[in-house]
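The structure that follows is given in the form of structure tokens.
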């Protein structure tokens, strides 16, 4: 049991982080908070991949004459993509939040849901 | 030069490059963006057809990107299974592109139209990339391309509620995608590979590993979110209701289908059929979920007053059909499931296009206001009637073909109890579509309609013609069902490891 | 913020160096950490820094909307185009070694292949850099825009 | 048995399909439009009749149109039973066309183009059902008939019409989707084919329980046959214009229902299997219940069309009963009754429509003395009601005779009692009408406008012809009986 | 000892994440998120993932924070307190979201912990992930592509197509933001 906990402590941390982010994404009412949660969530996944790439006694995956072992380069490559995806999603989400704030005057989900279907508001395009 | 062996990449790269140049060339004249989109989707469809023909004759095609042999590099694989989906997606997209031209002018301001078409093409590229790839991480990348472009497309809806729909779609879509990437990580961790064929070869000895199993659970949850399988469907009704008509049609006809494809691909070709059937009998859970989706989707659809929302809930039910056929997992039901991917794309595509045409001309989205519409827009409503009959599963329409396969498949598997479910949902579908058909033709015009000029007024030619075309295809392929069935049956055989 | 002379001066001094560093990062992606993406982000960040210290209008004067729009597309186009060139040169998509042509089988085969490979990799890194930089600017410009401008 | 491959059944179908298009395009010229209707009706009858000699020679005409999926084929096969039904329906269509024109023009109905288009479309589907070579094709046309007649039932577009039409579609579409389709799935799964065969296709393919389930599902799924408790759509459909009630709800639609049941009984199950299963008798009692109950309900109806509707419900069950008794004579009686009932019932409906068009009367209690103003009509009505009761020499007698003989052959005396009782009931609800029309005095205040009530030739002639027709088949039944014997041979 | 030093930033990460999620002031939460990213970059550097750390530092800590601050400047800064405004059933619904969210999270965490049981130990050089494809990249990439940075070799050559996809994702984001936020040109 102890080995299980010690041997994989990186993984436990990533699970904890991921759950914090996940919780914020589904249970927070504030739209920006959801985005913050989303960032934590996605970074946690990246942490998982990077932990996986770690090799005991390894060095950075750049050719080096003294190197005994290298870290696994593949997860690094994959996670570069994941970071890009993360920032892209964040950007789009923020753009949406700005539009929502203009259209509804709020970024609180429950307040917005109350207003939903109320067609008296200005159409979103016209406020730009 | 550009020879036949490069077909798999051309299918993807032509729309991709078109998407890249659209924002630039689109500025020259407002219809150029559309022309580029049309050209790209047409070429992509032509190449997909060439691919499927070659695959049916000569067997699967593997394309090594960068010239690296898999599993070192990324591989594109074309089999009857994904060739079929490629053709379906690209074909429907051409039709919707033709339709989009006028429709989108109402939803998107003129200076943004090139950007719209760029995202439209990116969405399409993403879907095609998802389908054709044989590498599991590449799959994720393309899922993100289509998802990101999808969010923006949905937000283009006319009402401000579209923004909320898009935002929720984004959050749930990201959760789904993150689960998928997590699953990929788990699989990579225990196998060391990302190539699907390689994974499939290495996984069987690891079936007992908790890592492999929980990876599977993550895939299921992630894809169910993308697929809007009950009870993960919550984002779908809002998205379909508030998107621009073109986008609703496109999404309903293609994106959930592609997600269903991915689910099947993972269940049956990355994991093997024996894993999902015996080792961890997920198909049992999926059967229940599918049955619930079919019934609950239909029941909720019954209660809707907004036509787009009704169609959306009906989609929730129809997705259940696809999953049902796949989970029964015999040759017949699997064929039915694959046929339903195609058939439902035709039916739902045409129905959403009808609604789009109606919104374009009259602005009506409430079922109550559709009374007497048959006199106002006779052609569009004819298309609606055909689509409705097809959804009900009337013989001579595509809807019947898939129901036939699903029912016979269920009987062959000794699961006769799914037939009452299928039939009950047909009945419910009949009720919620028929009340509209009746209102369209046999009731005096609604107040809203009476306020408009009384002479018949169809949507612009491009919209009406494509809508009618698609709905006529519902009949054509209801009769000539043997053409797509041949491919679907080959694909089903492949999936079940035969 | 426009009034802060210190910030303005420091930025004016720093930005060329930041951009130079970015170019270094892009160019040396093959031997050290970094590459097109990181370099692109740094270029984008330098422009953002400029905008923060000199204001949106000034920023837009330096990098106009049409330029950033053009760069958005140009970078990916370069990337995807290199892939197509590989096909035209007789290889698979993004198979850079196709550029080596006949030399791939000659005396200095490995050298030729490495050269072709480097050529392709530089090409795509530059493509990535351009797009990333442009998109970062675009996103910032669009997100930070205020009602009054 | 010799098989001829010919597209003639397809042509017989297609004639009216082409007419649908032509009628649709000539909506601005009523005369041309009606010309197409009549032309199509005549041509269709000619094509159907041209196939009769071959069929009487014991040949079958087959034509396979398209194979949708392996096992799902749209195919046509002309056999005696099919031709009997097709000939009856297509002949009556000619008369109904004239009658319709008179009816629609006299009443200046709206949406006449839609009316004639749907009418022609329904006839296409009816002929398709008559010539269907397999259960799938039959199901297809069965459903198509429901759809094509829906606009006809809801023709008036009033709230009642809509309610009636809704009931119509709910019953017919609902039962066929829920039960018939289910039965077809089960049949296909068990037998591996849906092709009709004179020996039946289900024998020995599944357990007895399963076969019984299939049987019950089929009977419940074919609601067009009007067997209780799925009969309610028929009275509801009486909101349609009378020619529709006449041709469709006395001939095409309901006969497609009983025709489908006969097809299922003889060609899917096969007589031997039914005897084996031993469900014929139970089902026969079940059907007998419909015969008696419907007659009782008919007694209580004052609305003429409603009474005719319940009479139809009752009479349809004769046909099913004949088949279920599983004796040669009863089967002949049942099959012949398809034609006999068609001629008589269409006459009755024609009369009802004529009375409505000419005198604007719908209820029996208003009919006092009307025979003096409309003698031909009421004479035809009298003849047709004799046929319903089963008095010689009118057509109904022939079928009832065979049914009675069959029930004796089957040693099934309760059924005999049912037949006798229903005859009494038929008499009880038909004869008073005639009595009222001929012998009672008309009430003065009935004719409030003081307008002259006269018979309208274009409507009167067809109904006289059908009445005469029913006498002729009553006198010379051999032709139909020969066909019926071919069926069960 | 080394491991303890390493564990500290990990715990700090958790603390930052919790604070960012719980903090009411959105601007503060954003800044803490930036700090979180920066620490994350440090952790990755310690794990020798230099390329990724570099990217995270510039993107996560830099660009994302800037973008969020920019977005906040156009919306509102604080998260409002539902307790003051919502009464009765609305209040209840609010807590239902939290409770059900909590259960979903616990369920997911359970699945993850279950999945972690059979994972190779952290840093195991003989883990399958390091043996199959990755080994070949390390051994052959210099020879095959001539690039000493393995990450670049894989990124640009072996999996160059993924990178095209990645660039496309960025491009898509750019197009999306333009479509969503760009002001309509008045002609």
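Every chain is named by a letter (A, B, C, D and E) in the order it is written, and numbering of its residues begins at 1.
The definition used in the following text is that a residue touches a chain if its C-beta (ideal position, glycine included) is under 8 Å from a C-beta of that chain, and two chains touch if they have at least 3 such contacts.
All figures in this text were calculated on a predicted structure; none of them were measured in a lab.
Asks: Which chains sit in contact with both members of the pair chain B and chain D?
Replies: Joint contacts: the list comes back empty.
Asks: What are the mutual neighbours of chain A and chain E in this structure?
Replies: B, C
Asks: Which chain pair is joined by more contacting C-beta pairs, A-C or A-B?
Replies: Counting C-beta pairs in contact for A-B and A-C gives the edge to A-B.
Asks: So, what's the distance in Å between the C-alpha centres of chain E and chain C?
Replies: Chain centroid spacing, chain C to chain E, equals 23 Å.
Asks: Let me have the rounded angstrom distance from the C-alpha centre of chain B over to the C-alpha centre of chain E, please.
Replies: So the centre of chain B lies 30 Å away from the centre of chain E.
Asks: Indicate the whole-number Å distance between the mean C-alpha point of chain A and the mean C-alpha point of chain D.
Replies: Inter-chain centre distance comes to 69 Å.
Asks: Residue numbers in chain A touching 2 or more other chains?
Replies: Each of 22, 26, 52, 60, 62, 74-75, 78, 80-81, 84-85, 88-89, 91-92, 94-99, 125 in chain A touches at least two other chains.
Asks: Where in chain D do residues touch two or more of the other chains?
Replies: none
Asks: Which positions in chain C are in touch with at least two other chains?
Replies: Chain C, residues with two or more chain partners: 31-33, 37, 69, 72-73, 76, 80, 83, 93-94, 96, 139, 142-143.
Asks: Taking all chains into account, which pairs touch?
Replies: Those chain pairs which touch are A-B, A-C, A-E, B-C, B-D, B-E, C-E.
Asks: Residues of chain D touching chain B in their complex?
Replies: So the residues of chain D in touch with chain B come to 66-70, 72, 74, 136, 139-140, 143-144, 147, 151, 154, 157, 161-162, 165-166, 169-170, 173-174, 177-178, 181-182, 185-186, 188-189.
Asks: In their complex, what parts of chain B are in touch with chain A?
Replies: Going through chain B, the ones touching chain A are 109, 137, 141, 144, 148, 151-152, 155, 158-164, 166-167, 170-171, 174-175, 177-178, 181-182, 185, 188-189, 194.
Asks: What part of chain A is in contact with chain B in the complex they form?
Replies: 22, 25-26, 31, 34, 38, 41-42, 45, 48-49, 52, 74-75, 78, 81-82, 85, 88-89, 92-93, 96-97, 99-100, 103-104, 112-113, 116-117, 119, 121-125
Asks: Which bits of chain B are touching chain E when the two form their complex?
Replies: Contact set of chain B toward chain E: 16, 20, 23, 65-66, 68, 71-74, 108-112, 115-116, 118-119, 122, 125, 129, 137-138, 141-142, 144-145, 148-149, 151-152, 155-156, 186, 188-194, 209-215, 217-218.
Asks: State the interface residues of chain A toward chain C in the complex, per the touch definition above.
Replies: Interface residues on chain A, with respect to chain C: 60, 62, 80, 84, 91, 94-95, 98.
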